[in-house]
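This is the structure I want to talk about, given as structure tokens.
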């Protein structure tokens, strides 16, 4: 890989990330959002792994001859980003699992997994909650009560 | 070109052709069962052919054994998987397509 | 074999691994009070360790303790690095974590199904563990991993409010999505930085950045800076990236709200400290880059907007949640000043706000425990029915307002001083003061309802919350008062922290 | 003399705090509770009075500089709570503590007479407010002053909102709102700026704290001017127009509260703070030299006249008294703003003199409300014959307000006029004369009505209070015009005492004048 | 343009197209399956970039677990997305375009793709790859490089081996010699026996860190240098598992087991399953154990182990699985994995070293201790991962039948 692509190779990852980000924002379906979040994260993984590439490099595993002796057959690609991304992949699948568990619960509680419908229900809940907790200018109430008392 | 490389190339090419035809079948066939038929058959064969092809160019005996083992397991597992899928589809109530039958 | 083991040199790592192991072991603690007792033990132990650690840091000649995990040199392995700043934050997080665990027992008993208390407390301890880990580490990627632990646990904890109100679920999912995007931005920022520096150790990164010929015009560094800022902003709920916070705090189980408000966003801010001051350095973040303008404008707008929003809420927890965003604004506004008083105010407010808001959320939780709701209508007349709870709420509220002799005043004192010292930053001082007036407005609605109105319905019959709730509540509120009357300890520490942050990497 | 382990100022601070605790504990037994209140008040006066001789001593200022600060708590490095006794604070503490006793007696009558609810809270908050006043009076530095200033706002809030009616809560909001806004926005920023300019030196000392900063040029005259404005408007309790609105609003409180707190403690805390800031933070000499204080004379003058004019048109008695207070407070401020030693004396004396007069007036208003449930001046026809003591005391208070001998008002006004003469300030002279006329114009008609106009028949207290915003909705337990006499005896005793004190002040004002002179002698 | 770039370009094109399809396709099932395909393509991309471990993980996680998770969820929440009128969300498009533009702007000052001179390749990593961190530390108070040792030059060195390799495999000293001496650098004095705490701050890691036991530098980074990260990675998985239990598990009185259709009536499936499960298990353990030598490790192996159980449950029903691994046991085992990991770390600490300093496990031959520690933690990871995957599967399956 002789720099034919130069930094342009990095741009693919931006594209992937942005497809994912678009999905997260634009799609009202929660499952879609969760999947898109995964795509978004994969984009970042691609960036990290691209970072690890060295011209003419090979997998960063020393060749074992026998019984622990090793032979250098480099140049090797950089293992550090690989390690970081292993961790990040695990994290992303964990997040996906929790997200899906939440979505199942949401389906149970709301009967739908479309964000706009849920949001509408939430807004209604919130309004009801607000009104339930409202104290119409605190003290006016007391006045009303007293007026009532007077009339009685 | 050494003889083993020739054999390898032929096997790989064969595998590719079969695999391609399978993919074509998946696109063209009318219903689920037919498509799975195309995919299942060709995949098993193509993969086994390719693995065998690779055996001929691998210098390391251990790796050769591993490759053959993979091919062997694939031969058993891939059809079983296809079977399980069709079985599940059948249990789910999916009717096979027949000419002039209900869509 | 144990004779070779000493606690003190291993404190930095014990602070994190004890809750890790303890958290995992919680799942075998059976049902009933077992998990809670275990969680209390573990968090108490961690709190003790943080106190010891604080002593160590204060005694250390350089003011810094370094711990190299696996004995690998810090530039290669992962380093734990404790200075006055993170020792203080550790103390705050562990202390509030401990007290909140004490408090959690009754509230969790009521709000979480009995058969999963062991899992709940496991997640609870792991959340604290993650937050402590972020605070103690000196490695940029380790921050990300621990951030994900704390986030994941927090998503689950918030969602546990689902049995009280289904909105907990949507709140949690929304936080999950925004939080993951934020964390991804942080990961990306770390990646960009790694690309130009070739290292992950924070201090090493700082040195490499400083050695870069033209870091200020390096586009990679600039973008890294921007994305880190946005990612951190999301994690610490900086206005206008705070959208997830109010709902999450409102519908989470009461104990969780108390824990989160006092710790989660604080640790987000701590990360901002580390990235802006330790990695990029003051010169880069605040002189070359307009971070001070961006942050202070965001913070000030946040203080005002969320203050006004808080005044309009009827649900106490929601009100407190908005107030939290505003209070975070103070902290951000403080360090955006980039002078000693401002940063010290910011650091001290992290602690002060943690104890005050933690206590207030506990009070709201106690009301929730007794009445099943905590809105303005419910608190009417509670001043007589639940005197201790309401007094705690009011005392905390006075702290938010910043009345003298409360902890909030100390923060305000430093912040206003810092704002007046910094050139052209006096509007920040004005906003800080106006913000405290808004705090009067929303606190006072509760005061009026609780003390000058007659109770109705259930409110007329309730009694004071159980002692196991009132006591922790008052520990926190008491701390907020104590550290308002005698803030030499907190003031000293935050001054030290501020000086070391501003003097470049310690 | 008993030897105290605790130093007297600290003891003075602790007594009302302890009293508050005991009162809350004794809440269930009203008699015990009120006994505790009275005992606490008595003890406080005893302790405060015991400190007076030391302050009046000739070598006081010499020892003042040397006396170690009485640190309560070090809040931050360099910022601490500190108490220190000086003449002005002594004067203020004496007034507050002596009037608290009378006020407590009065409160007992009033609160019982009107069947008020939450009486325990009332007495507790009252004691706490007094503690704040004592702390304010003996504050040794700016920070301490601010702390107790805010504490006073906070502890009086429940008293203002005491009734819990919509009106009370709304007015209490205004009260709290204005006081907190001004103190947080202006006073606190002023204090923090002072802290910054003086490198953390906020200790009160005659001559001010800015000398060094001014000398080395870090503080310039315009900045000093801005600081002065911040302080003057930051002290909202001084009710300088246009931040006076809280005072009429606070009149919604039960009358004893209005009487002690809004004629004595809170408002006096305001002007006291103004005076203290002028004397001990800025220093009159500094203000004169840099010419940054002269605007205050005109603002205070305008406040005096405008507030008097407004008072003229108020029909509600307490509201009229409130505006009268606004106007009288600015007397203190205008005197202080003249910045001569004599005028400072006058200001200090007026704090005392006005206190006695105004508390009498408020007591009278409360007495009328308790006995007759009347709140409006137009209802007061002929009431003097039914309540001779009350209205007699009222007359004495009114005379003191106008400044006629032999009342307290005359003493301070005399000093003020002297100071005006001395500093050659014709504007102030005109203001004083005009306002005296206005005072007469709004007080004397009340006296006239009470004693010389015949009582109207069929006047029903119920309906007349409908349009009165203050003191409404008390228990209407069978009072009708025509069947009331004097108020309950504690009320009458209390108001007679204050009325007598108003007169006595004219004859025996040595203590007050001594303290004021001591204050003057301390000025560099 | 060589073949690698060609394949890279083709793959990335495919990946991008798949990504677009995932977002835009209406059927959620299709979306889930495409996600699996996407992950497999990604795995190919990783292989093409020589990142075998990541590839393995991506295939196991993305192609396997994620897809199972998604489909398991779809069963409960419905297969179709609600039709939306506006296909294109303009604000989102603008926002993403701006973000993307910013990111691309940031790449402009990056080193060229594959540039060996990039800081990341020559600053810290070479020592880690050559596994000489234990000796090149330069940290005050630690074992210092010997007199005359040119640290800067050492760091610039790219690790190329020249010179003869001895026949005796036990003789590992050649590595120092060949790497260092040929470049004109001094060979550090290697201590024969490492006495613990011989001196203040004495460093126990041998100069070649693992005595040549760990040729896969990804594993050495993962489990040793950055072992602490990996411990928390395991904790993340554990957390996900118990979060799922918290969120999805039905109250115990309803019982774990709901009747569900099993495929056990089919002889072929039964036989093949019984035949392959031992192979899968062996392969799983192989992957875990082999992690030090080649691609693989606890995480990948754990996923493989989990698939054996999942397969068993699919064919023979969950009742059978619960007889093998009752839920309380799997709950506890998820934690045991994390405990093995953190316990190993704590053991090192209790033996007087620092947390996760595996060399403490065998002070006489520190390199072997390192190796032992790494194997232990890999098993910890594997246990937790497999049990969590099993738990996740169980929770989703339980949900299904109610």
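Read from first to last, the chains carry the letters A, B, C, D and E; within each, the first residue is number 1.
The working rule: contacts are C-beta pairs under 8 Å (C-beta built on N, C-alpha and C of every residue); 3 or more make two chains touch, one makes a residue touch a chain.
Computed from a predicted structure; not experimentally measured.
*Asks:* What is the touch distance from chain A to chain B, in steps?
*Replies:* Shortest path length, in steps: 2.
*Asks:* If I rank A-E and A-C by number of C-beta contact pairs, which comes first?
*Replies:* Contact tally favours A-E.
*Asks:* Select the chain whose centre, defined as the mean of its C-alpha atoms, is least distant from the mean of all protein C-alpha atoms.
*Replies:* C
*Asks:* Compute the centre of every chain as the mean of its C-alpha atoms, then state which one is farthest from the centre of chain D.
*Replies:* B
*Asks:* Roughly how many whole angstrom separate the Cα centroids of chain A and chain C?
*Replies:* 22
*Asks:* Roughly how many whole angstrom separate the Cα centroids of chain D and chain E?
*Replies:* From the centre of chain D to the centre of chain E is 75 Å.
*Asks:* Measure off the straight-line distance from the CA centroid of chain B to the CA centroid of chain E, and report it in whole Å.
*Replies:* Roughly 30 Å separates the two chain centres.
*Asks:* Go ahead and note the Å separation of the Cα centroids belonging to chain C and chain D.
*Replies:* 44
*Asks:* Going by the touch rule set out above, which residues of chain C reach two or more other chains?
*Replies:* 141, 145, 148, 152, 155-156, 159, 162, 188, 194-195, 448, 452-454
*Asks:* Identify all positions of chain E at which a residue touches two or more other chains, and write them in rising order.
*Replies:* 103, 107-108, 110, 118, 120-121, 124-125, 128, 226, 229, 233, 236, 239-240, 243, 247 - these are the residues of chain E that touch more than one other chain.
*Asks:* Residues of chain A touching chain C in their complex?
*Replies:* 21, 24, 30, 33-34, 37, 40-41, 44, 47-48, 51, 80-81, 84, 87-88, 91, 94-95, 98-99, 102-103, 105-106, 109-110, 118-119, 122, 125-126, 129-135, 138-139, 141-142
*Asks:* Where on chain C does chain A make contact in their complex?
*Replies:* Against chain A, chain C makes touches at 141, 144-145, 148, 152, 155-156, 159, 162, 165-167, 169-170, 172-173, 176-177, 180-181, 184, 187-188, 191, 194-195, 200, 313-315, 373, 375-378, 380, 445, 448-449, 452-454.
*Asks:* Quick check: in the complex, which residue numbers of chain A touch chain E?
*Replies:* Interface residues on the chain A side: 1-12, 14-23, 25-29, 31-32, 35-36, 38-39, 42, 45-46, 49-55, 57-72, 74-87, 89-91, 93-98, 100-105, 107, 113-114, 117.
*Asks:* Sort out for me which residues of chain C touch chain D in the complex.
*Replies:* 398, 401-405, 410, 412-413, 416-417, 420-421, 429-430, 433-434, 436-437, 440, 444, 448, 451-454, 484-488, 491-492, 495
*Asks:* Taking the complex as given, what residues does chain B use to touch chain E?
*Replies:* On the chain B side, the touching residues are 73, 76-77, 80, 83-84, 87-88, 91.
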